[in-house]
Amino acid sequence: MTLEAAKLAAANNLWGAILPELMLAGVALLLLALEILLPRRQQHVLPDLAGAGILGTLLGLCFNWDSGMLGSETFGGLLYHSTSGQLLRAFFLIAAFLTCVIARLTLARQKMPRVEFYHLLLICTAAMMLLAQTNHLLMLFVTLETLTIALYVLVSYHRTSPASLEAGLKYVLMGALSSGLLLFGITLLYGVAGNPSLAGHAARPFHYADLAAFLTANPNHFIASLGIVLVLAGVAFKIGAFPFQIWVPDVYQGAPTPVTAFLAVASKAAGFAVLLGLCGPGAVFSSYAWLTTPVLTAMAAASLLFGNLAALTQHKVKRLLGLSGVSHAGFLLLGVVAAGATPMAIGAIYFYLFAYLLAAFAVFGVMAHLAGPDDADQELDHYAGLAKESPFLAGVLTVGLGSLAGIPPLAGFMGKLFIFLAAFQAGARAMLAVAIVGVVVSIYYYFGWIRAAYFETWTPPADAAAGPTRPARTPVGLLAGVTLGALALASLVIGFYPGPLGHWLAMR
Amino acid sequence: MSPALLASGVLLAPLAAAAVIAFGLRRAPGAATAVALLAAVLVAVGSLVLALGPARDFTASVELLRLGTFGLSLGLKFDDLAALLLAIVGIVGLCVHVFSVGYMREDPDRARYFGGLAIFMFSMLGIVFADSLLMLFIFWELVGFSSWLLINHHFQRTPAAEASKKAFIVNRVGDFGFLLGLVWCQAQFGTTQLDALAKAVDGGAVVAAGLPLLLFCGAVGKSAQLPLHVWLPDAMEGPTPVSALIHAATMVAAGIYLLCRIHFLMVPAALEVILWTGTITALYAALCAVTQRDIKKVLAYSTLSQLGYMVAAFGLGSLKVAHGDHHHLIAAGVGAAMFHLTTHAFFKALLFLGAGSVIHACHHEQDIFKMGGLARRLPVTFTTFTIGVLSLIGMPGLAGFFSKDAILYLAWAKHPGVFAVLALTAVLTAFYMVRLWRITFLGAARGEGAEHAHEGGPALTGPLILLAVLSVIGGYGWFYSGLLGGRFDGVIDSVVHPAGADHTLILLTSVAVLVAGALGAWLLYPAAGEDAVARRAPRLFGLLGGLQASFDRAYGAYVAKVQQRLAMLLNFLEQIFLAGLIVRGLAGVVGLLGLGARALHVGNANAYAYWFLLGLLALWAFAAGLLSF
Amino acid sequence: MIPATLDGHLLVSGALFALGLLGVLLRRNTLVVFMCLELVLVASTVALVAFSRYNGILDGNVFVFFILTVAAAEVAVGLAIIVALFRRRQTVQVDELNSLRN
Amino acid sequence: MGELTFNLLAWFTLLSAAGVVINRNAVNAALCLLLCLTGVAGLFVVLEAYLLAFVLLLVYAGAVVALFLFIVMLLDTSGAPRALPRRLPLIARVLAGGLIASGVLSFSARAKLPVSEAVAAAPGIGGALKPYAYQLFTTYLLPVQILGFLLLAAMIGVIVLSKKFEGLEDVK
Amino acid sequence: MRTLPFDPLLAAIAFPLASALVIASGLPKRWSVRLAYVAFAVPLLLALHTWWHFDASPKVAGYAFLTQYSTGLDAVGISLKLGLNGIAMPLFLLAGLVGFAAGLYALQSQAERLKLYLLLLLVMQGGLMGVFASVDVLFLYFFHELALIPTFIMVGVWGGRDRTYAAMKLTIYLTLGAMLSLAGLIAIYARSGANSFDLMALREHLARFPLDQALQGNLFGLLLVGLGVLVSLFPLHTWAPLGYGAAPSSNAMLHAGVLKKFGLYTLIQVAVPLLPAGHAAWASPLAWLAVIGNVLIIGFVTLAQRDLKQMIGYSSVMHMGYAFLGIATGTAVGVGGAVFLMVAHGLSVALLFLLATSVHHRTQTFALDEMGGLARPAPVLAAFLVAATFAGIGLPGFANFWGELAVFVALWQFSPAVTAVAVAGVVISAIYGLRALAQVCFGPATPRMEEIASRHPPVDLRWSERVPAVVLLTALLALGFWPRAISDPIHAALAAPATAAAAPSAR
């Protein structure tokens, strides 16, 4: 590479294209700086600053939605900017903001340092946003590792809790292993794609378009297919799809509640962003559909069944949500499978993700109010009498769980419906049957949770006199109340009137 | 007032009365009585005006329902047959209403009672006017309901509640056939309009024997023919005027009316079945009546027996009669049955009301062996009751004689076997009626109630007298052709009276059986406090009692041993097998799968790495093309 | 004898990867498991460098920089967690760190 | 010559890697890892990627393995009692080992890539330093920046996990 | 005809839902109760309005009051299209009537957590109005689920014996049925190629390009199983008696009375017209299953019940068999009879559940063996019970009779043997109905009743309980005496071939 070529390459580094990410990074650094500069008494503004930074970024993103770069590559092809990238950026920002809201509750109660949390959260979010626009395997690896390492720390953030640390350790071990798989897959792809003796070899083997061209030219290469499945394995770990889902309940249980929420929603969405970039219609692996389709189909079916079955008898709510998240991953995978056949599936996946975001954060928000000093120990029994004591939380919980279960008139139903429609049009009828079994099984545990919150259970008088054994509940604050109310309302409104969101999500 | 309007008025007046009573006068028994009575008077007057008026077959119909090819309209069919029954219902109904005013004076629930009577009048009139089988069926069910209501009047008494239930259910069993036949009719002819059906049959439409027989099922239930007769004796739990009106004179006669309405659908095979059903019922019921101690039960079995007569008469079918040089085929069965129905309505209502008068006088004592000597204390009742008895057993010159003669003659002409059985039945009829009459009214008073018995007021005696008069004159031809202006000739003309040698034979037979039965009873039964025959011939008595109870026992056994056990078995299967084993079992299996899946999260990172290995293995297999679908 | 060709390097890389994976499966000491994970990452670098050499493209070599950095960061965070956990539990054995399960 | 050198290095690397996996003692395992990494560095040299070999030794052998050794010593887990593996895990291990071994064999049997003689014969491109610099600071500038944040996050993480925070009780 | 200044159908759906939302947002109890009165009355009044003006309204392909609201998903063929045809209108009216009665009954019930109770009931009510007003198949399903979900909480919180198990079982069963039917509906949507969930468009499209025979058979079978679960087709019915046995009164009224009809309604409006070949293939198995399973077996099972509410639950399962029989015939007579029966059964079973609860208030038990002689202290209650029972038995004069009659008439042409068994069921229903009636109301008071009476002297039906009962009974009698009030529209809807003309104006 000559200097001229290098200059040319540097000229393509349009930093303005990643302004939102830069803003987040800036806020993250600012937080650290202010922690040092500000006296301790005034540090309580820092969480607000973090939230404000996210919201500001979100606003900026919305005002500058079509920055003129949509549909083009920047940074020498490292990034590709598209509408779905913008959607996912917004998605991650919203998720991060909601995580902040929950974190305010949890961090205060669990006596954890705060600034570092927001710092890591912001970096993680920025990495996700970049990940959603990545167009290059190296970039993919780096952003993925950045967000993963930040998440390692966040999961084990509650350092006085052995559970949190254990979860962190397991996450690191499994995460590193999956990174190894992903990396080896990338290596193999790089190796074959760059091989000058093979037809259509690529000059830039990491680059999506070049790689895709090579794969199209060699539609049945063993090493390439091995590389592809290894990359899929790495992504499957992120989205918690069978059989790389096994870590999910342990890590979800041990992680602090806001982190669990972030992990469940944002990390999963990040995985799907990658997956769509790789396996979506016309994407990198599309010429290997003969391989990816059965792999993803099998994963989807197994995730749907396993997640729901394992959650069936679970009464620790964080594990339950983790396992139900596995089944949601199955649903989304179903959408990815269908995406090969019908373009509407992409919109369906995004719709599902947004519905899942609203519902999951509603539920996690309620959970944060009910968690005791031991964040890892949240049982269904702790929800007894919630409907009487706090009808608001119970209502939000009901809406959230109902939406997760896919019950009309909530957003989750529409999400499932669109996935169903897409899957049916893609001809995946057997998968539809599996999905129906999954939904029916899931009703049991979702409604079992609602039951715990609403139905009255008889307690022996001796126990009743001793008072509840559950941890004390946090009263609902203004910010949390407004946020949760908005989430529940949004689930309802979108369920009744899915048009605008569906439209926005390119379901045209 | 046009006849159609008048008919509608007659039909709807009791319904209006019932509505008024049900919604407004529940707590005002006096007013309720007045309203019901007013309705009964209106009905009686209107009925007579209609029946004796010239108007026939005026059409008035209103469509109630139309779904696809199936339409249902309510209309009026008013011919001589309907007119006759209308007149009977009007007169007997009025009598019973008037009687009830006296009889039920003490009853706090008489508002409900009169409301029920009004509903009954409405339903019965609907049957009379029905122009289609469907409409007949509708009102058929409604009389069943009102019968249930009225039998159940004393609902705190378990027997009353049970009897009403039994009556309705047994009727439903009969209606099962009726409804099927009806549906068949609708399917085959596309209509159940009686006139249209008749036209279709005249036009040569083939009728399977099953169709009339299914329709006959309805008549078996309502007219309490074997084997669905069991409800009628139990129905005597209702107030006595109800027994008189519904379970003697009108409702049970509806079965006969139905048969007459559909006689054009009859085919020989069906008639044969009907004939024997009636004949056997007549004999069987007469045998049962012999052992009864309850005054109303005797009358109930007698009613059964007489209904059997009518059914048998209908089953005997048409008769070829020489009329000058011409031979006519006339519906002799219809005529004989309806004729007997008419006279029977008069004298059986009379008998029941008389029984009611007796019961009322004896403070609701119904056991005839605890009565006795009432002839002196209740002269009017005694006199009228005697007329009723005589009419029933066929004393020449009274109404019953003529109608029974017509049937016997018809049987003689068509079927000697049936004739023999019916004659035997007549003997038994005379026997049990005289037994009843003698034990109740003659001898010395044997009970508290009987000793202090005294005649009720004119409300009680008035109807008795009117009905007694009708029981006397109701059999004479001049009564119909002269007094009633020949308005019922359509029916009466088809009654075939024996002539010549036949006449003598029948007359002699009648008198002989009458004398034999009456004499036997007179000799065997002194007016005593116990059953003489039961003492002298316990085995015979036991046999008859067993005969009477056999059906109830069989049904009881069926209900307890078959129906209830089947229900319990199916319920067991439902709860244990279906809801338990299969559904809960399936849920359990899924739960176990869930537990298994949950148990895989052992918490050990090494073990989790094995999952990754598993995944890698599967992915390898996919990539190597070992797995594909 | 492994041929000193691209395929040979690939075989070495694959064998390293397999040994690392095997170590993760077999070893119960968290620290050693970590070392084995490092083997897995290093395996990729061998293949990457070999590919770069035989394909004549530099990107793979550049990628190795990133991998080394990421691996180092991962180790740092992982070891910090292990140390913190050891303080609470007095163990680094994988099968004893299983309080989160079922 | 190349063949022999490569084989020596390759087997050295693999055997020391096996040593990491097999060695009971964590300290020995770490030392085996060090040997293994040295072998890999040797392979890099064979592949003419001198800079990478140097960096590998610097970062891995110098820093990472030292860190490992340090922590191993610090935690001193050598005295932990060692339970005999139960039968099921034993079967699983043997099975897993067999599977992985057969996987490698089948991989080496099937993964045959053609080699362009021209490129193979030409001097390796990884030898010079300049291209790395050009690449890292132009084409891959963004990932490098991200890497900076990654390291920052890791650092902050280690601090959070290790530092003792005080006075959090009064923060509401 | 005079028109309202707003869309009556949308208003009937939205008003209860909006009221529920208002109550949920923290309206004080006093105001909630007042609002609830209005919110239950409004749908009824609007339903009566649509019924009254139905004949005179302009219609497109048999649909009156047609309006369409964009959901923004028109490209996928999903739009909120509201309208009533002759089949939907009677059921819309039914939903209004039963909802009103159930609401009034709930308002007087003094239930614990009354606000939540009313809220859930209002959601149900809104959903039910939506079910029958939807011309869009997807919204048909949507509103059904909306109405279904409150049941879970209502059974669980206010339910009787076994409420937790019942709530779970009911919900899982019904979700299974709903999901299967949803799959069937989606399959129709996807396979028809109409790219629309609009029933009118689907009909028009499939009339011109019918699906192939085997596919129709499969889809009809799928829908039959799915909807069969919802309507408690034998042997998929075991949730029903359990659920109704445990459900609180108003919920049972709405669920058994109206919501359950969704399955039949969908079969009639969607499955039969869209999949004629499928219907033909399934008619005979369906008829035999319904007559042997629902009518005969469940009839006998009902005979064995010793619990009043369970008995009503089972009898409801049994009567659904008749509706299935009507559908199996596929003729205008049979299907029309089924629709009529659905309305009639809805009214009568709601009345029965209402009265059963009132009986329970006075006897403190549902066990039939322990009851007796209630007619003496509570004659009006007994009178209502008599009326409801006889309505259920199918006495002429009550609406049920016409439905059963039409079904039988249609059935004879289909198969005399099936008809015979079906008619035998009428006898069975008379047996259990009258037996229960006698046990509750008649005969002498049992010792247990006397003991209870000594503690709580039983009072007669209060006016607050009477009004909802009167509403239902009046409707039953009105339809019994003048069936044309709804049979004419049904006839028109079934007799006329479904040919959609111009698209309706979108709002």
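Labels for the chains are A, B, C, D and E, by order of writing; each one numbers its residues from 1.
Note that in this section contacts are C-beta pairs under 8 Å (C-beta built on N, C-alpha and C of every residue); 3 or more make two chains touch, one makes a residue touch a chain.
These numbers were taken from a predicted model, which means no experiment stands behind them.
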- Spell out the chains that contact chain A while also contacting chain B. C, D, E
- Message: Please identify the chain lying most centrally, where each chain is represented by the average of its Cα atoms.
- Response: E
- Taking each chain's centre as the mean of its CA atoms, which one is farthest from the centre of chain D? B
- Task: For the chain pair with the highest number of C-beta contact pairs, give its two chain identifiers.
- Result: C-D
- Just grab the chain with the largest centre-to-centre distance to chain A, centres being mean Cα coordinates. B
- At what distance in angstrom does the C-alpha mean of chain D lie from that of chain A? 29
- Query: Rounded to the nearest whole Å, what is the centre-to-centre distance of chain C and chain E, using the mean of the C-alpha atoms as each centre?
  - Reply: 64
- Distance between the centres, which are taken as Cα means, of chain E and chain B, whole angstrom: 36
- Between chain A and chain E, what's the gap in Å when you average each chain's C-alpha atoms? 42
- Sequence positions of chain C contacting 2 or more other chains: 10, 20-21, 24-27, 30, 33-34, 50, 52, 54-59, 62, 66, 70, 73-74, 77, 81-82, 84, 97-101
- Item | Junction residues of chain B, two or more chains touched | 598, 601, 603, 605, 609-610, 613, 616, 620, 624
- Which parts of chain E, given as residue numbers and ranges, touch two or more other chains? 172
- A full list of chain pairs that touch reads A-B, A-C, A-D, A-E, B-C, B-D, B-E, C-D
- Query: Which chain C residues qualify as touching chain D in the complex?
  - Reply: 1-12, 14-16, 18-23, 25-27, 29, 31-32, 34-36, 38-39, 42, 45-46, 49-50, 52-59, 61-62, 64-66, 68-77, 79-84, 86, 91-93
- Task: Write out the stretch or stretches of chain E touching chain B in their complex.
- Result: 169, 172, 235, 238, 242, 297-298, 300-305, 331-333, 336-337, 340, 373, 375-376, 379, 383, 390, 395-397, 401-402, 405-406, 408-413, 416, 419-420, 423-424, 426-427, 430-431, 434-435, 438, 441-444, 482-484, 487-488, 490-491, 494-495
- Going by the contact rule at the top, pick out the chain A residues touching chain E in the complex. 344, 387-388, 391, 395, 398, 402, 407-409, 413, 417-418, 420-421, 424-425, 429, 432-433, 436, 439-440, 443-444, 447-448, 450-451, 454-456, 497-500, 502-503, 507-508
- What part of chain C is in contact with chain B in the complex they form? 21, 24-28, 30, 33, 94-95, 97-102
- Complex interface listing, chain A residues touching chain C: 1, 138, 141-142, 145, 149, 152-153, 156, 159, 162-163, 165-170, 172-173, 176-177, 179-180, 183-184, 186-188, 190-191, 194-196, 201, 203-206, 249-250, 253-254, 376
